[in-house]
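Structure incoming, see below.
Letters A, B, C, D and E mark the chains in the order given here, with residues in each chain numbered from 1 onward.
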Amino acid sequence: MNNFIQLTASGISLGILYALVAIGFAVLLKATGHFNMLPGALVLLGAYLTYQFHVLWSLGFILAVALAAVVCTALGILGERYLFSKLSGKGHKSIEHLSVLLVSLGLISIAQAAVVSIWGPLNYLINDPWGLDVVRLGGVAIAVRDIWAVVLSLGLLGIFYYIIQHTRVGVGMRAAANDPEAARAQGINPHVISATAWAMCGAASVLAGMMLATEIGGGLVPTLDQVAFTALPALILGGLSSLPGCIYGGLALGLVQTYASGYVPESFGQGFASALPWVVLILLLVVKPSGFAKTLETRRA
Amino acid sequence: MLNVESLRLEFGGVVALKDVDFSVEMGELFAILGPNGAGKTSLFNCLSGLVKPKGSIQVNGNEVIGKKPHEIADMGIARTFQNLGLFGSMTVAENILVGSHLQIQGGAFTAAIRWPSVFRSERQARRNADELMELMNLLEVRDSVVDTLPYGIRKRVEIAKAVASKPSLLLLDEPVAGMNHEETETFVEYVLELKKQLGLTIVLIEHDVAMVMRIADRILALDFGEVIGLGTPAEIQQNERVIAAYLGATDESDAQTELLMEGAISE
Amino acid sequence: MHARRRALALAATAALLMTGCAGTAVSNSGGSAGADGGAGPEALVSVPGFDAETKTITVGNLVPTSGVFAPAVTNVTGQEAWFHRATQPGGPLEGFTVEVENYDTEYNPSVAVPLYNSMKNDVLMLTNVLGTAIVQALLPQLETDNMMAIPAVAVEDLLQHPNIAPFGPVYATYHSAAVQYFADEQGLQEATYCALLQDDDFGDQVEHGFDYAVEELGLKKGVAVRFPTAHQDFTPQISRLKSAGCEVVDLGGAGAVIQNAAVRAVQLNFDAKWIAGNTAYNESLATGPAADYIKENVKFFVTGTEWGDTSVEGQKMLEEDLAEIDPDHKPMANSYQTGYLSGMVATAILEQAIADGDLSREHLMEVAKTLDTVPDYGMGGGDYTYGGDPAKRKSGHFISVFTVNEDAATGLKLEEYNYDSAVAKQFNATEVGK
Amino acid sequence: MNAQRRHIRQSPDRLSASKLLSVENLSVAYSGGSISALEGINLDVHEGEIVALLGVNGAGKTTLLRAVSGLLGLHGGAVRSGSISYQRKNLGDESPWGRVRKGISISLEGRRVFTDLSVQDNLKAGGYTQSKSAAAKAYQNVVELFPVLARKRDLAAGLLSGGEQQMLAVGRALMQGPKLLLLDEPSLGLAPLIVNQIRDIIVEINGQGCSVLLIEQNVGTALSIADYAYVLDSRRVEHHGTAQEMLADDTLRDLYLGIAAPAAGRKLNKEAVR
Amino acid sequence: MAITETVKPVRTAHVQRERSRTKDESQLCVSKGQRIGLAVGFLLIFAVPLSVGNPFLISLGVTIGIYAIAAIGLNVLSGYAGQISLAQSVFVGVGAFAGVALAGLAELPLLVWLPATFIIGGLAAAIVAPLTLRLKGVFQIVLSLGLIFVGTYIFVNSTVFTGGNSGISASPALSLGFMDFGNLVVGGMAYGYQQGLFILVWLCVAASMIAVVNMHRTRFGRSMIAIREAETAAQIAGINTNGVKVKAFIIAGAFGGLAGGLLLAQLRYVQTHQFGINMGLELLIIAVVGGLGTTWGPVIGAAIISAIPVLATQYAEYIPFLQEDFSQSGEIGIPVGQVGLLIYGLALVLVMVFEPRGVSHWFKIGGEKLRSLGSGNRAVVDVRKPS
């Protein structure tokens, strides 16, 4: 039982980070209409920038993370303005989506080269304030970092939720996602909307990157961008769009993976735990092509 | 040949078509009139299998509802689209060849290995397409990419594409929208010529009432998904509900119309 | 029609004229000139990769240096350091210049094969090839080209290939020695032994050595838990090890793995001794919050000695040479050493071939067969015995034991130098190349 | 109500009222110029006017509204020549959102409410360009005009009936406090009773000082409230004149009912007069 | 081999009518020039490896050819039928491991095992294809990504054919009986393995291209493009869109399998991890950079993308702003090893931003200019209204 609680706790903290990355994809998809992998690069850069600001330049940790988020947001906005927006209107629609996807993948590989060029390929620690502190409840040990990962992520997602649901720019965002032309007809400036989306994406990606690079996460490695691929099932499970959907999706992904590593016997073959979420995802897509959170929502409505 | 009975179509609570009944005779040019949003295109979507309504649609005694669009096409029904159902990056000839898809043999494998009968059938189709283009006066633009052509010509390409499948029933959705009178005239000539040469039955949605009145054998008028009139052009011109739908004299405001007219005259 | 025929005829003629420039006449037996030994260095003629005029030898490395593989560049630097020594007055290659060319394979066989073809005629031999998949993909061509390769692969299957002159122990040797060290030297005879293995080729190799030692020593075997290569959170794995009552865990993983595993072990109160191999070390281990646990519980099994230990000749030489070729270099555990060792083996072959007056590829292969023993200067786990027959090859089995300590230059502090493991010795004699 | 309005505003003097919108010699094409959609259009909307835009499908009415609201680009269209001036200033390349800020609002064809958003959020989106206080005032005004929107404010807009959606679409446009309201087929697909309601509301909005440029298929409805009308046919303005002149003209009947024969036309006229 | 799909400018109606009666555009070679080009192309397949001594170029040529075949298949699926897939690498893997089983373990002759890799690749795709039919856009991308992970899992655990993590060696027979590509002897001259393989691979490339051109110009090819352009309109025209999509998938899988078989022949060693996401992306990038839906796109794309990393390493010293060596001194500069990755990323971004139709479009424009220069009189597009 203790083992189960332990695994659940760790699955949740892993899952919430997946949710953060997925939300980055989701807001971009909503605000720009394109599926963009650049958040993967932002996760990577965010973690290294945190290291640069906090460890090398000795800024406060929170300040360092915030600065990293600002830089990543700026990079995202620049990318949108000078690259991604230039890709629309050439060739037919499917090529347009593909170009955005491929350009963002190209940028990921540039980001990786840049990270290795600037900081080198070795494993670093970002001196996060949590270290290895744990809270013990009976036989279960929960890392303080995991608690903070959940708290900060939920806090950030709460802020996002407030922005999206209750502020003017949030309404504009939802309107633009629902009907871009009608949104423009309301005087909603799409540049403002996409900048807001990039700010959200930058903040979420940097938080995820920083958390992944904490001591308990294993420190900084130049392969942090991989999470952009591994978090994709969370996005799909969550139905591609809604913020709560991404949280459900991320948690489902984190838990499935953790339980599979914890309980599935070796006889299931090598790599079963990493393949399992994808098997679930494929089955789900075949049965319910729009993801399961969507179903929940429509039922509620 | 076409028999529609108590056709009903709903989308999430909104009734698009309410108990529509009509039938079309072989060789007829049958027009469907109605203001925007009256359900005309929905009716076409039912006929070509894009939506699944309740009721019955029979073509030459075969039920259409429940069949997939390509199976319905195989039954000899072709249609055009209001906002052009062309394949933009293909040439005119290729579009027409896609239209004659059902007339050509051969699949991926036989084509890849240059199986002779496939290419015989392909050559035959190209000859037929050339003839059709000649008939529709499209040979000049035979190898132009469709996206680069003017609207009027594209409309004609679309008809040619639909006719290329050698249909027995042709559904035309607003074929002359956006054309000027000259273009409309030429276009009508083409359609009538085609009808004569190929013995087509045509069902036509059109807003250009003048044109419809002139060429249609019978007219079905729809409003709010309901049949408000069915008959010859002359009958339809006299139909109060049809007049009201277009000119705004609703039942409850006859008096109002009178008032307006008075005002107009007095000034 | 006439025009067409003429064009066809022209094209055909042109094609036939071009044909034949790139083949070798079938009658040519392909034997090399001057193969009769003892001709002496003065008989050397220029061959691909050797310029007799300037006495310059060019050797090639196929080492990935992009992205996450970038640290592998230190392998190349280590090798340059050795060649620097070898070509100094009094060195075995005195009077010669050795140029080291590195080609980045990106760890992708499809890149490596054309790359190999692009450089094979510029180099005398391959003095370092990193990655089992790369070596495997190149092997057929190495055979055809009679190219000698000294790969930094520590997997067993490749060791007996005539085109390959391996150096250092294989991964399984390290880990079988490590298991014995814990059982015999640390008094853990009765403990439960478990393995935590990366889901790849490397993990398989480690498991091989682990299983061998546990069986030979009659130890109690717990579980072998695997983890995917792109893994971040070790909670499930550590939970498993913990519930299986593991007391010694053999870790088969590279990169930041020990860091990840240790922090979760601390957090979950998992008290066990850990075996880590030479690829698992990195500098951040000594400074992070898990450092205490790692210092206390993790032992690293690496050949050679700690940085700055001038009592071991090889280490002393390496540091001197590095200071000469790259004054800015930073002490680094293990990776300079790999290149340094590969340089030694290469030099042993070159030295003999020069003495024979024949630097042809065929002759290098001959030399490799008769290399006998190459000294490791205390760096490579013992002298490597090549013998006259690849099947009799035997590497050293002396593995040094290190702990993490930030006072040491590289962060690795020597605990026991060249531990002599009977199991590892037996493994090398019986299992390797089976 | 209609009759009343007629009496209040007798044939406005177009020459004395100042021009709010002036379209001069406008030509528009789609798909990089390959499809011509408008050719040499001239059209004016004066302060306080309701102007109706009539014509069959495909004549170019919607394109004209898109050109005025700046939304052409989204459909691959572009102004080829001519100009659009608003308050005597050329709009040029002004963005759609810039035009909204200047006071040009549009209610698009097919209602286009944000179906996933609640009624209230739809109105909020409409008030995007407004200050908080202005938006609150506009909101009051809108719910007074359309009390139903206040009642259903938390419902997703997609669940409203067609008529309610149309009211929401108009209300949403009014949230921007427009000086010029562009309405594209506000009665499309609506039951006659609702059409009348919408018509009354347009008059009321106009009474509040907002000029309206209106596309309407139902000629009767359109001309009953319009001051002036333009008839577009195949990309050009074919006729224009005051609503009264239009009503007296057989051209429209020909256009919409194909009754070219004068006899038929006269018959209807007679009935009306009787 | 000048198989182009140039859109011919319209001539006058009179000339046009004449031409259309005499020419058959479903033919492989419409013009005399194309026929000559085709013949010269085939000759070159033999002449190049037999005359070019540089093993680097030959071996790079083999790699390009193999990637081109896989990309030709992907181009059918993504370029013509408009369905996006990152999972082409899985089918390359299926072909490679089928090759291991048939050529390595069962030691079947070339004429059996190579076609079998083609068929098995197609069969694998046939199993997968129905899953994707209902999906579009992002869902399709993610599904294909999932296939890669599931494929890797299956490969790693089928140790008999794949050697698990360690990979597996196999030396497939390359003999046709009268001619052994693995040990080519022509006119008394013996040629290297890679040279013989070059001929085999490029014969396969040519056969693949011809097959695809044949498909493209006939009913099936038009159906795919029609689905890409307007799926509903295609259905209305009587096209069974699901059937065509499944077939496109099978074709992609089959060419992927063939490429896998040839890759095995080239490397004589294959390993599961080769067929992961990196290869899947690389193939998609090849297809896109070359130009989706074009005949030459996959070949041009493969030439560019496969050559970049190799050339970047070769000529790193001539590229500015380069840090000579990897060092940890903390200086900012681009280490030599990062150049390949950088160029790769930059090339992708630049091509996509400036020419989303792909590089083959430049070749096409260049070709047209040359032709019009050659013929002297440029044909004028005439879209006059009908009389």
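In this text, a residue touches a chain if its C-beta (ideal position, glycine included) is under 8 Å from a C-beta of that chain, and two chains touch if they have at least 3 such contacts.
Everything quoted here is computed from the prediction, not taken from an experiment.
S.K.: Give me the fewest steps it takes to get from subunit A to subunit B if each step has to go to a chain it touches.
M.R.: Minimal hop count between subunit A and subunit B: 2.
S.K.: Compared with subunit C, which chain's mean CA position is the farthest off?
M.R.: D
S.K.: Where the centre means the average of the CA atoms, what chain is farthest from subunit A?
M.R.: B
S.K.: Report which of A-E and C-E is connected by more C-beta pairs in contact.
M.R.: By number of C-beta pairs in contact, C-E is the larger.
S.K.: Could you state the distance in Å from the CA-based centre of subunit A to that of subunit D?
M.R.: Measuring from centre to centre gives 44 Å for this pair.
S.K.: What whole-number Å value describes the gap between the mean CA coordinates of subunit B and subunit E?
M.R.: 42
S.K.: In whole angstrom, how far does the Cα centroid of subunit C sit from the Cα centroid of subunit D?
M.R.: Centre-to-centre distance between subunit C and subunit D: 78 Å.
S.K.: How many Å are there between the centre of subunit B and the centre of subunit D, using C-alpha atoms for each centre?
M.R.: Averaging C-alpha atoms per chain gives centres 29 Å apart.
S.K.: Which positions in subunit E touch two or more other chains at once?
M.R.: 156, 164-165, 229, 328, 335, 337-338, 341
S.K.: If a residue has to touch 2 or more other chains to count, which residues of subunit A qualify?
M.R.: Within subunit A, residues 92, 112-113, 116, 120, 270-271, 274 contact more than one other chain.
S.K.: Which residues of subunit B are in contact with two or more other chains?
M.R.: 88-89, 148-150, 183
S.K.: Just spell out which pairs of chains touch, all of them.
M.R.: So the chains that touch one another pair up as A-C, A-D, A-E, B-D, B-E, C-E.
S.K.: Please give the residue numbers of subunit B that touch subunit D in the complex, ascending.
M.R.: 14, 35-38, 147-151, 174, 176-181, 183, 207-214, 224, 233, 237, 242-243, 245-253, 256-265, 267
S.K.: Which residues of subunit A touch subunit E in the complex?
M.R.: Residues 29, 35, 83, 86-87, 90-92, 94-99, 101-103, 105-110, 112-113, 116-118, 120, 229, 232-233, 235-236, 240, 269-272, 274-275, 278-279, 281-282, 285-286, 289.
S.K.: Once bound in the complex, which stretches of subunit A touch subunit C?
M.R.: Listed in rising order, the residues are 3, 6-7, 9-10, 13-14, 112-113, 116, 120-125, 131-132, 134, 141, 143, 212, 215-219, 221-223, 226-227, 230, 258-263, 266, 270-271, 273-274.
S.K.: Using the touch definition up top, name the residues of subunit D that touch subunit A in the complex.
M.R.: It comes out as residues 69-71, 74, 76, 95-97, 99-101, 105-108, 112-117, 121-122, 124-126, 128-129, 156, 159, 172-173, 175-176.
S.K.: Residues of subunit A touching subunit D in their complex?
M.R.: Where subunit A meets subunit D, its residues are 89, 168, 171-172, 174-175, 177-189, 301.
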